[in-house]
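Worksheet: one structure, shown below.
A, B, C, D, E and F are the chain letters, set down in written order, and residue numbers restart from 1 in every chain.
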């Protein structure tokens, strides 16, 4: 009943880490006010840490037909489907902040069909759920359905790519029993919670 | 993208309701400071309203080997498994308040195996998940496993009964697209949130 | 290989029961010629007994756009999907009697698509199966499909409500290993079997 | 709402059939008093008819460590799992007759764990369900579990072989929408129902 | 880590077999250059052997609106869905040979939607997958969809019949842990591999 | 029926690619004799290309308690479970080559329980399948089971990490309809096929 540790695996001391890994962690700490545990848990393997965040940045930070809120919405829906506590909680915080909607993360994590989101976003999440749960069944008609909502083919890659990246991330968080930082649970639920929006 | 209504069905005006139904609603409003939408949505059918809350009270309010927190934990886990937004959000609030743990509801809703709860509570929820998802497979060995954790047979009925009641409740909430009150999302996440603990 | 008992839990003596509970049991016994075991098994908890039968009566006995046969058909299909022996056997008897069709209960319990029922009833059961198995996926289009078959919104509530009530009932019967009375198996299969039609 | 035909495919006239096929049908008619529809539906393809009944006889009629009742129990459990109306109803009749238990077929079709059968029979059906639903996962430990109940390896082949044959049969009956004869529904439920025990 | 035997059950010596069974085995050996293990494993039960190959020949060798390649494609897709190693490997060889496409078997075994096959063949396999995985849900609309691709009702029986036969065959191969002959793995992948096309 | 293209998305010309991406592609081409299509399909997004191969190299090329064959075995089993044609075919080739077993890839892709691999490898794949299909259910007992087979905690991270990476990779390949190069299908099936072992 004691609090679980950050990870089933050892968490390295900051000073023991390679410079670039430590620099990234220091940077997120300065922006967010705390170090999201995913950085500490994955730092156990610096090469995988670097690759994961490079992949993350390539999809989540680049300009896109999807807004930052759209992207986090995909992460939260995927993580809900995969029962991944870390990602539901941490990315739920980001989703609330980007969308400026304190309720949206819980809605999307439980059932996106009942969320206060646009029809376009529901179509986006329906496709993400197919990539998440049965990617072998994706067919051309799925692309057509998204184009009707104004998504370009590059946007569709973004939807699928983010879903695929969190297929990886959810499994790593579940496998390592990664613990969400307590701070995430409340972020974006009350007006003052915006400062950590860059944490992941 | 507009906010969804409280229910797919008409919500009766308080003054149009039978006295006992209205009295119950007024009572919860006075305790909680607002009327949980489940009362308004189910009031569309007063006889079912009365039966539902009678069943609810028979299980949730009576003395038991389960604490109030244990009971709400079962509700939240079941509602998570059934992707029921109303019940995850509303009973998540009660769970946080009863357990005095601001993080526990999100943990249990996503993956009880990773929650900061006791081994006894994990065994309780494992059984609730079996009743929820595959009740035909319940066998005597499931009872034995619970008895090892100190649960009496009456406690086991409580676990199964609450799970069964929310099998009903989750389906009604999903079917009517019952909307959780905004108030629930934040209750019990911050120290001052305790006053609505009697709402359901 | 001996016959199983009525319930995994103690079955109270009639004379030990509260008056109203005993009165209800005596009433059904007089109508049916025997006491359906659900009354004995649930009487272990009088408050839950009262709430369950109040809920049952509110849905099953009230006037509706659904016939008594329609309602029992929903119960049997739901109970088949949940592998609930008690409810398939007991409500199968009622279904045969109300519909005056000795074959229909076995058909609906195994595969409603192959049953000798109307297209309207098949649409009703298809919706009941969605509420039973995946209620989170119910969307407005499901309501539209039912309206095309002439169901009002109140009828649709009845369909979903009965399905939800037996989501509860099936789990209680499975969990308590409730034993169907031998009498039910043959009722309504031969012309003389009508007398117990009020039993549940 | 009219009664469904015997099969989605044409049913041949007896006099148009090859002699051996007609002879088999006449033989079962004399024994049972009627022609089970499976004979008429499959006679549409005489070569497949011959092979099916040869396979059936090789497993169902030969001496075995399984009784005739054991064998029909496997058929009914498998057919219940595959939602096959024809086989649940027709073989349910045979099961009642062979076991001389009017209730056992409904019990096994819905949930064998709750049936009035021996622990040995429950172990037999648990293995049949694994072969039915997930045969790729069968491992040596499954054989060991059966040997503890006194099953020989040849008995185990019989269990799996019957399950496999009805994997075929259930799919043919479902695909052709094969209609069970009305006679089967009541056979073995009342003392006089024994004469058709050889029908299939 | 040693090679698994041909079957979990004893494999009879050729000279101990009934004449007709031995003759069939000698015939396939002469055509293929080796004895496919299915003949040896099933010869443990000569009556079932005879019935199985009679059923096989009735469906696989008779004239049909399906080509030999179409038929083997159904077998491979079904066997992939059932995770049956023997049938994927042995019938994959035949599929490559009949279709003269060295890549098609691996494609169909993994995901027919991505295979280099015609739209007609994809519709055929979509129906086969429904018969394989959820035959109780087959409805008239499934027949209409196939007729649009030019399949006759007899062709549709062939598709369903082959799928049903390999529902049996896959379960027997999985249950007996039937080992594919090493020869099959390479057949039809290189120009010289054609000679064993009649093996099964 | 024409051959499918390499990807649903445009495939860039080599000369249009950033130097580092082109260099990686030229390198694999020189080693393998051809360019595996995954390099061309992912080069549509150079940043994701770089991150993917960095992640790949971090797990697949680094020293480990797992052999190269073990690692590819995990990839093939995961890709089989996700019905990913590209990865089953391409990594099946590598698995055959590293293990020097021409049959092992087909065995592992269809059903690892029937493969000619060690008990240690079967335990490794059983865990990989849990991370693949139900990572939320991973518990400490899963780690204990692997330690009994001599896996260190770092080895366990490798198993889960590779499974997680191919959860991503399988979804990208399925979503883009990535086409396996024809060369992969035959590699490692015949003695001369070793040269492309570095391709991925």
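In the analysis below, contacts are C-beta pairs under 8 Å (C-beta built on N, C-alpha and C of every residue); 3 or more make two chains touch, one makes a residue touch a chain.
No experiment lies behind these values; they were computed from the predicted model shown.
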item: Third chains touching both chain F and chain C; value: A, B, D, E
item: Reaching chain F from chain A through chains that touch each other, fewest steps; value: 1
item: Whole-Å gap between the CA centroids of chain A and chain E; value: 45
item: Chain C and chain D, separation of their C-alpha mean positions in angstrom; value: 28
item: Contacts with two or more other chains, residues of chain A listed in rising order; value: 83-84, 111, 114, 136, 174, 177
item: Chain contact topology (line, ring, star, complete or other); value: other
item: Complete list of chain pairs which touch one another; value: A-B, A-C, A-E, A-F, B-C, B-D, B-F, C-D, C-E, D-E, D-F, E-F
item: Sites on chain F touched by chain B in the complex; value: 136-137, 139
item: Residue numbers on chain B that touch chain A, as the complex places them; value: 1-4, 80, 83-85, 88-89, 102-103, 106-107, 109-111, 114, 116-119, 174, 177, 179, 182, 185-186, 189-190
item: For the chain E and chain A complex, residues of the former touching the latter; value: 111, 113-114
item: Chain D - residues contacting chain E, complex; value: 8-9, 44-45, 47-48, 50-52, 54-55, 57-59, 62, 82-84, 131-132, 135-136, 138, 140, 143, 153, 157, 160-161, 163-165, 167-172, 174-177
